[in-house]
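So, here come the structures, one by one.
In the two assemblies presented below, chain A is common to both, partnered first by chain B and then by chain C.
And now, the complex of A and B:
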């Protein structure tokens, strides 16, 4: 056996990459077009559709709202999800099995149904402000990812390490922060990224929970496409892509992404 | 520094299942006591109760006059060594050892000094800055030992500390553990399922089964004078023969089993009750080809070579027995022999009812 990969393998791998990347290349191309309609290949090169994003106040507002919701929702989900994942793993034997399933339910239910349920149950008639409803909706939406990813991290954590620390005189709560958390740090960061991106991209839940004056970027993109056919949509998409790449790059530089592959 | 440990009538439950029943155990100051038994016997439960990871349903746990029963683990001041080492993966070897000192509020330089001195004692000073992941199993367990010892606990506990090491290293490490424990004089509780390990390093051994203490004594006594059939079988008394006295003639007793009779001397065996069990290892039944010998008639079966003796599977009217014969005269399967009990290697147990 040689270490050199089979030529056919290289061809297949290249095709897969092409298949994955091509739509993105088309979107980037369309965003750079000078025309007033979406087209590919781009005709003329211009950044004016990027400028246009910031000239439309609805885009400006929804970008801010989306980032706020994604950031706060993810933090809230971590605040609930980390202790939940810890308890589910630490007391796996003592706790009933269905309790773990409970935290995955929002993924199992079709998102559109989940969004509708949230609308019916508390967005309508309870007086919860729209921003609050969105925040709660997104927190619940990303909570399963947080619990799953951190549980996976904790599953390989040996809890006798925690017991060792406690036996050496470290109080249980302190031990959680000084011993448990540093050892599942990779899981927490992975959960953060996954939750943040999921929230940023969500349409189905937001669709039901947005209301007068408050919307998220994906919903605004939808609304824009319904009325206009200019390349702004493409340039917003490119912006979102770069935002995601930027987040990944920061993580890569600070921690290395290898942990995601674990 | 070293203190006695006292468990008084401790019971514990997992849910509604009773896992430990009315356990009383006193460990003297400076003593090393092993809890020995198969998995599920309650030995680990006992250790976790003493450590405070579990709460007893009833009973009390005292360490040097301090009542631990309701004290949280982190205030118990007990050094613990785990089976899987349980080192902190994100801290260096030195920081692992210094962790307990930090919890006790010692300054950085003092922590470093004491941790280094302790690493010196276990021979790992050169690896102080390594990450635990870079160490071998034996080195990890030394770090774990140093980490538990450096806080100078009044009680040290080991939970199957050598199970993950290979056989040679196990023997070396247990000697090392015993030497460290001796020189520190720290009261110690050692949990293991390995009889040789327990017997070799313990002052006393508590043999447990199904949540109960079966016998608690020095290894020498357990090995030669088991108190009941469970302990007898556990320490290798493979032959347990139920007998009933049919005649007494001064010192001599005639006992019967399945139509066979044995004459036994009370001077050799001690007082013999009317109904009893004669328990012995294969070494305690001498294979004799002399038809006039005072023993149980048997037919030899499979012969195996043990190095120090031949071992025979024997069939008798009283059932299957295992006996050892001399190396000089190997006997063939089917040979009719007498199995003669050797008093100094046998023990008389009280009958425990029908099995």
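And now, the complex of A and C:
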């Protein structure tokens, strides 16, 4: 087999990429349409469906909730995930192997089961406000990404640098913040972004953890699509895509995008 | 000096640092899910009563088999197209390769709701596909494409092909080109090289990709909900409907238990197989 793929394979790959891109292009087109129904190619260009997003209070509210939950959940996951990832690498010999598996569990069990279990065994009966349950759900949902990405960064960190600092008299905690953390900065940024986007897009965990007045954007989009078939959802989708592009641009500038593919 | 020795050599520090995350996973994930599963065995009608009534219901067994079928078909289609695409990507020149990887990452970072919604616009009764077919005179009246199994599968393949491509590109890149060149210079035809050299070396990656896609499509909610509706009820949508519409907590818990057991079994079995047959490890 020569190094160059068969032309037929190239054609297939091109079609797969067309299949991946075309629907997203169609969503953008539909969002720009001037009509009150979804159509493509857009008939008359208009940005009125973007204005409409902010006129519907449910969208305004859920956008804020989603951003809050994604931000706070990611921070909480970093807060408990960074020490865990550090411990897994630094005390590899002392800690049991299953501990690493434990932190991956939230992506191993079906998300929708996790959401349901949180509702049934935790939110119902303990009196924890639904926002709190939602936040806990999202923190755990993104924890595996945080632990994994930061572990991967720490795996290539030479701990003898840390030892050198400590044996020269630097306090362990100070050494962590001045020596270890700066060396895995790229991993922390990548973990933050990956976790934030995962939380922002989540449906299955949030599905059960919404209550009176509290819902997330993807759940609101689902509800809206089932009732109306206007381009508002297309415009929300485009907003989310813009956010994704912006995030990808940031990643590209700071780490190079192949980082995300790992 | 003693305090530094303690920091360096005592596993207790490791436990202390990982304690918050460990307790969070145990307290908010393992115990709640364990309680849901344990609850299904405490039915006053008998230990296995919820499962007996689940499998006695023709509708619910149909839903289970439909879900398995959709997941299996989605996995096979994603494997075939993902593998071919990943091969082309892995052999593309540097700059084009990064561009192709970005183009696969982008849909992955776009939410599932947005990606299912896109197919709603395409496959709807007045959707783009129907408009096109009508205007070309290929059909006389709009086709009913939404709320079919095909629609759900297309939506799922769309969801998971990028994941398959990305998990295979790395594997294919790691296969030394010398191995393939050796095969062809020793006289193997391209087809023989593919079946006897490339494919066996890619099997561990294919298994990892297949597990990701199968478990993902087996438990997906938004795509079957939007593109399949009630006519294509799957386990995830049935779970939601039982819990939030019928308030049948036992029924919902039973579905949750079935989904968890099948998912975990597949993940464990396949990762065991992947480890055993990895030819690169020997």
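Here is the rule we go by: the second predicted complex is superposed on the first by the 229 of 262 C-alpha atoms of A that agree within 3 Å, B and C clash if a C-alpha of one lies under 4 Å from a C-alpha of the other, contacts with A are read in each partner's own complex, and residues count from 1 in each chain.
Heads up, the rule we're going with is that a residue touches a chain if its C-beta (ideal position, glycine included) is under 8 Å from a C-beta of that chain, and two chains touch if they have at least 3 such contacts.
Note that the structure is predicted; figures quoted are calculated from it, not measured.
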{"item": "Contacts of A:64 with chain B and chain C, given as first, second, both or neither", "value": "neither"}
{"item": "Most chain A residues touched (candidates chain B, chain C)", "value": "C"}
{"item": "Which superposed partner A:160 touches (first chain B, second chain C, both, neither)", "value": "first"}
{"item": "Chain B versus chain C as contact partner of A:172, first or second or both or neither", "value": "both"}
{"item": "Which of chain B and chain C A:182 touches, first, second, both or neither", "value": "first"}
{"item": "Which superposed partner A:24 touches (first chain B, second chain C, both, neither)", "value": "second"}
{"item": "Partner chain in contact with A:250 - chain B first, chain C second, else both or neither", "value": "neither"}
{"item": "Residues on chain A lying within both footprints (that of chain B and that of chain C)", "value": "163, 166-167, 172"}
{"item": "Partner chain B, residues of chain A touching it in the complex", "value": "158, 160-161, 163-172, 175, 179, 182-183"}
{"item": "Touching residues (chain side chain A, partner chain C) in the complex", "value": "1-6, 9-10, 12-13, 16-17, 19-21, 23-24, 26-27, 30, 37-40, 79-81, 83-84, 86-88, 90-91, 94-95, 99, 102-103, 105-106, 108-114, 116-122, 136-137, 139-140, 143, 147, 163, 166-167, 172, 197, 200-201, 203-204, 207-208, 218, 221-222, 225, 229, 233-234, 237, 240-241, 244-245, 247-248, 252, 257-258, 260-262"}
{"item": "Residue numbers on chain B that touch chain A, as the complex places them", "value": "51, 53, 72-80, 82-84, 86-90, 99-100, 103-104, 144, 147-148, 151"}
{"item": "Complex contact set, residues of chain C against chain A", "value": "4, 7-8, 10-11, 13-15, 17-18, 20-22, 24-26, 28-33, 35-36, 81, 84-85, 87-89, 91, 98, 100-107, 109-115, 117-122, 124, 126, 128, 131, 158, 161-162, 165-166, 169-170, 177, 180-181, 183-184, 190, 193-194, 198, 215, 218-222, 225-226, 236, 239-240, 243-244, 249, 252-253, 256, 259-260, 263-264, 267"}
